[in-house]
Amino acid sequence: MRLQIRCDLTFEITVPTPFVLMLRPRSGAQQWIAREEYKFEPNVAAYEFTDSYGNLCQRLIAPAGIFEVHTNAEVITMDSVDQAPGAPFTEVSHLPDEVLGYLLPSRFCESDRFGQMANEITAGHLLGYDQVKAIETWLKQNIRFEPSDSDMLLSATEINERGWGVCRDLSHVGISLCRSLAIPARMVVGYLYNLDPMELHAWFEAYVAGRWYTFDATQAELKGGYVAIGYGRDAADVAIYNQFGPPARILTQSAQVERV
Amino acid sequence: MRLQIRCDLTFEITVPTPFVLMLRPRSGAQQWIAREEYKFEPNVAAYEFTDSYGNLCQRLIAPAGIFEVHTNAEVITMDSVDQAPGAPFTEVSHLPDEVLGYLLPSRFCESDRFGQMANEITAGHLLGYDQVKAIETWLKQNIRFEPSDSDMLLSATEINERGWGVCRDLSHVGISLCRSLAIPARMVVGYLYNLDPMELHAWFEAYVAGRWYTFDATQAELKGGYVAIGYGRDAADVAIYNQFGPPARILTQSAQVERV
Amino acid sequence: MRLQIRCDLTFEITVPTPFVLMLRPRSGAQQWIAREEYKFEPNVAAYEFTDSYGNLCQRLIAPAGIFEVHTNAEVITMDSVDQAPGAPFTEVSHLPDEVLGYLLPSRFCESDRFGQMANEITAGHLLGYDQVKAIETWLKQNIRFEPSDSDMLLSATEINERGWGVCRDLSHVGISLCRSLAIPARMVVGYLYNLDPMELHAWFEAYVAGRWYTFDATQAELKGGYVAIGYGRDAADVAIYNQFGPPARILTQSAQVERV
Amino acid sequence: MRLQIRCDLTFEITVPTPFVLMLRPRSGAQQWIAREEYKFEPNVAAYEFTDSYGNLCQRLIAPAGIFEVHTNAEVITMDSVDQAPGAPFTEVSHLPDEVLGYLLPSRFCESDRFGQMANEITAGHLLGYDQVKAIETWLKQNIRFEPSDSDMLLSATEINERGWGVCRDLSHVGISLCRSLAIPARMVVGYLYNLDPMELHAWFEAYVAGRWYTFDATQAELKGGYVAIGYGRDAADVAIYNQFGPPARILTQSAQVERV
């Protein structure tokens, strides 16, 4: 599937403010960036580095005034998402070194407190892919998906108590449940074709049977059309922007995905 | 200062259990490992890798029964800890790429919720080293240090509410306060000469004036004699052991530090 | 300076052939990729990874038949190249860890055999930038630049004997001379505005006074307009394509740089 | 097999000289460092880092006068070396990203010039392990192993012409032949039990059937007892010491391996 994606941000900046942006999708195992564009208004010097997860991050100092970020890209991505019912649990002792970190609890995924709940949710399911599928199903039935703006980032335990959340929040609970079962899980931020309402999206991946699989508790069924921007342990690692200093006001943020 | 350090662990294992250990201190900027020993009882095949923070980690499968880990080393470390009153804040735009991650919130350091508190604690202090020193002083006066065993890992906000904690907990609060001021901070686990009671220790480092400085709210004054085993964002990254599967029972854990 | 660069390759492939391409310039300290396009004809699945030098590399299997690679980008790059007469030699003990590898000899840069020659060429010059400038001047005067196709890659000692070479060859000799003086040096492959005749270009960088500086013995004077695609120890690391198996025939290769 | 290894170096230094040493073996897939010791005489501050191949490297400035380096370790290593006649060639498109670099030519392994020779040597052999075994056999029969000191490092093409070499040289020819067949190959430096005469040793590994296998053309048959210190593309990457500045004179270098 060939998609045209775009993301536009407008900030009101009071004093020159350092930003770290994560808005350049990169070519990888599941997607190819055929064309892309990335610009600032006004134009400022920016510097790009690769973080410890392999994401491309852009550093810059936003000048005072109105500051705009415009990115768009044409991406070839999978028509459908790989699914593997029955795929077995990967023993911890067989996990690649670089995957081990995704077993640990993180800021918004207190997996150390979800053990009992995960066991209950997945009782009777085959170890591995089916456990994660049971978790995804449980999320759909128990954490109401509300694609609204939440003003404050909540953690998985907080979301679980509250009973509803945005895509990011459902992913946090899903990730926490997986990790508590010794299944590595990570957060993905990016775009999804036909998402309604259209905005940036977040979902999660779990590592079973020797590879990462995609899960998304916000969708009735898993379809293709995902475009990843960043991977991390949770939302703290994959913020599309971090700013430092007096908070800049974000005036507009919009995302679009169209089929080419 | 030349120190002889040792750590001995004994586990009771019911089924073969994968472990990731972090018990091999490594030579670095502040310490030199002149001699070391690392053995298992019974002996098992172990494999070592370097994690994304540069720590040496050991993977193995502990067999059922009594399983012992014995490490000891002779380490040359600093006689005193560098301190730098007045050393300036490093602008975020000047931070090395690899330090940026230490500005983000993490499992036990919800720095996103400590902004106002950090501003109050450091009001009137020069930006940089003096802010961190003010935080360390505040910790000594407000979070009671109790070198007891806590059964459950609590996060910085939880510790702050409770008002007391072990060395790890005080570090978590300190780290959270620093990060909320855009000062990178990280957790260190290791040994400290003359620690009373003697056990493994945890402290934190903050990045100001272009380098990492040591802080420790559990000690009346900062002296030399630190030996680092691991660095990370918080306790989740620097557990001296992580086990997966039915929990193994730890029978004994002891640490010793002696001057040579 | 805002440049439009493009590179087009056409291969005749007899059997499906694995390729590793290095044709995606990336944003970094000296350049910003504002727009880029990368496509294959016929379209094939490609996978991108970051090599140990930080370069973006594309892996694919080229199908039998005519296979085309088309890349183009709009890049904001420096109007002029930083120069620093008198900038001092960086003591080896002060070099960052990751720069040390650029002191070692490599496939086409037998720096272990250039010590005496480098001392003669740089005699009387200040240690550091001026030594490298003396090397660049020596190259201009002693190794004739012939922008022709050489059928076989020759090493620095071979080029030095032969007395002439393409841009890559002059860089190899320059790098070898620098390294033999304990000045880290690396190869860069990319584009240069106004290069005549226009094609892909290669130059070198030397590390003095705590940073990398650009040198280019093929140009009468150093002007701006460089766009880097890849960095490495020498041409072996920064081939714009490596193929494996029965050699594919390259039918056309063209590069263009235009000012926007 | 449990081995006690040691290496002792004595230098005569005229002016303070930066060194990079590679003398600390590390625990890995094939060996476990149960005990080790590393000291300098006189004692100097040293700093350790991990290079891009995962080797532990020690940086220091050796003071003028007699300077000694003493390392010893107790290592648990394999009783026998894995061998796998018939193990298949790994298609380039299936090689892990981080292995690709071992297909490229390097300073002492001009694999770009060994293609025809490698094809002749391996004609009639199964692709993969058997090709490498044929190369090892050819080396034993055609490049005379002379465990003497060579004053100058020669490259694989030079050794092939000369017809004899030390362990390092035979490895370089073997590595070059493998790479020219698209089989990744790398150099290992370390110790070998029962080596005669006893000194530091070098051998090579080739990547077939999804993993690295050991080859050694200096030994009548492959036995266990190898202890690796460093891995790299060739001898340039795994020098046990590199010094910078006026050459220090090495007075003594000795290695020992004993069974415990």
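We just call them A, B, C and D in the order they show up, numbering each chain from 1.
The working rule: contacts are C-beta pairs under 8 Å (C-beta built on N, C-alpha and C of every residue); 3 or more make two chains touch, one makes a residue touch a chain.
Please read all numbers here as calculations on a predicted model, not as lab measurements.
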{"item": "Most distant chain from subunit A by Cα centroid", "value": "D"}
{"item": "Shared interface numbering between subunit D and subunit C [over half = same, under half = different]", "value": "same"}
{"item": "Centre distance in Å when subunit C and subunit D are each reduced to the mean of their C-alpha atoms", "value": "29"}
{"item": "Inter-centroid spacing, subunit D versus subunit A (mean Cα positions, whole Å)", "value": "43"}
{"item": "Per-residue overlap in subunit A, given as positions that touch at least 2 other chains", "value": "none"}
{"item": "Chain contact topology (line, ring, star, complete or other)", "value": "ring"}
{"item": "Chains that touch, pairwise", "value": "A-B, A-C, B-D, C-D"}
{"item": "Touching residues on subunit B, where the partner in the complex is subunit D", "value": "24, 26-29, 32-39, 43, 45-48, 50, 54, 56, 58, 76"}
{"item": "Residue numbers on subunit C that touch subunit D, as the complex places them", "value": "18, 20, 49, 51-52, 57, 59, 61, 91-93, 97-98, 100-101, 103-107, 109-110, 112, 153, 155, 182, 236-237, 242, 244-245"}
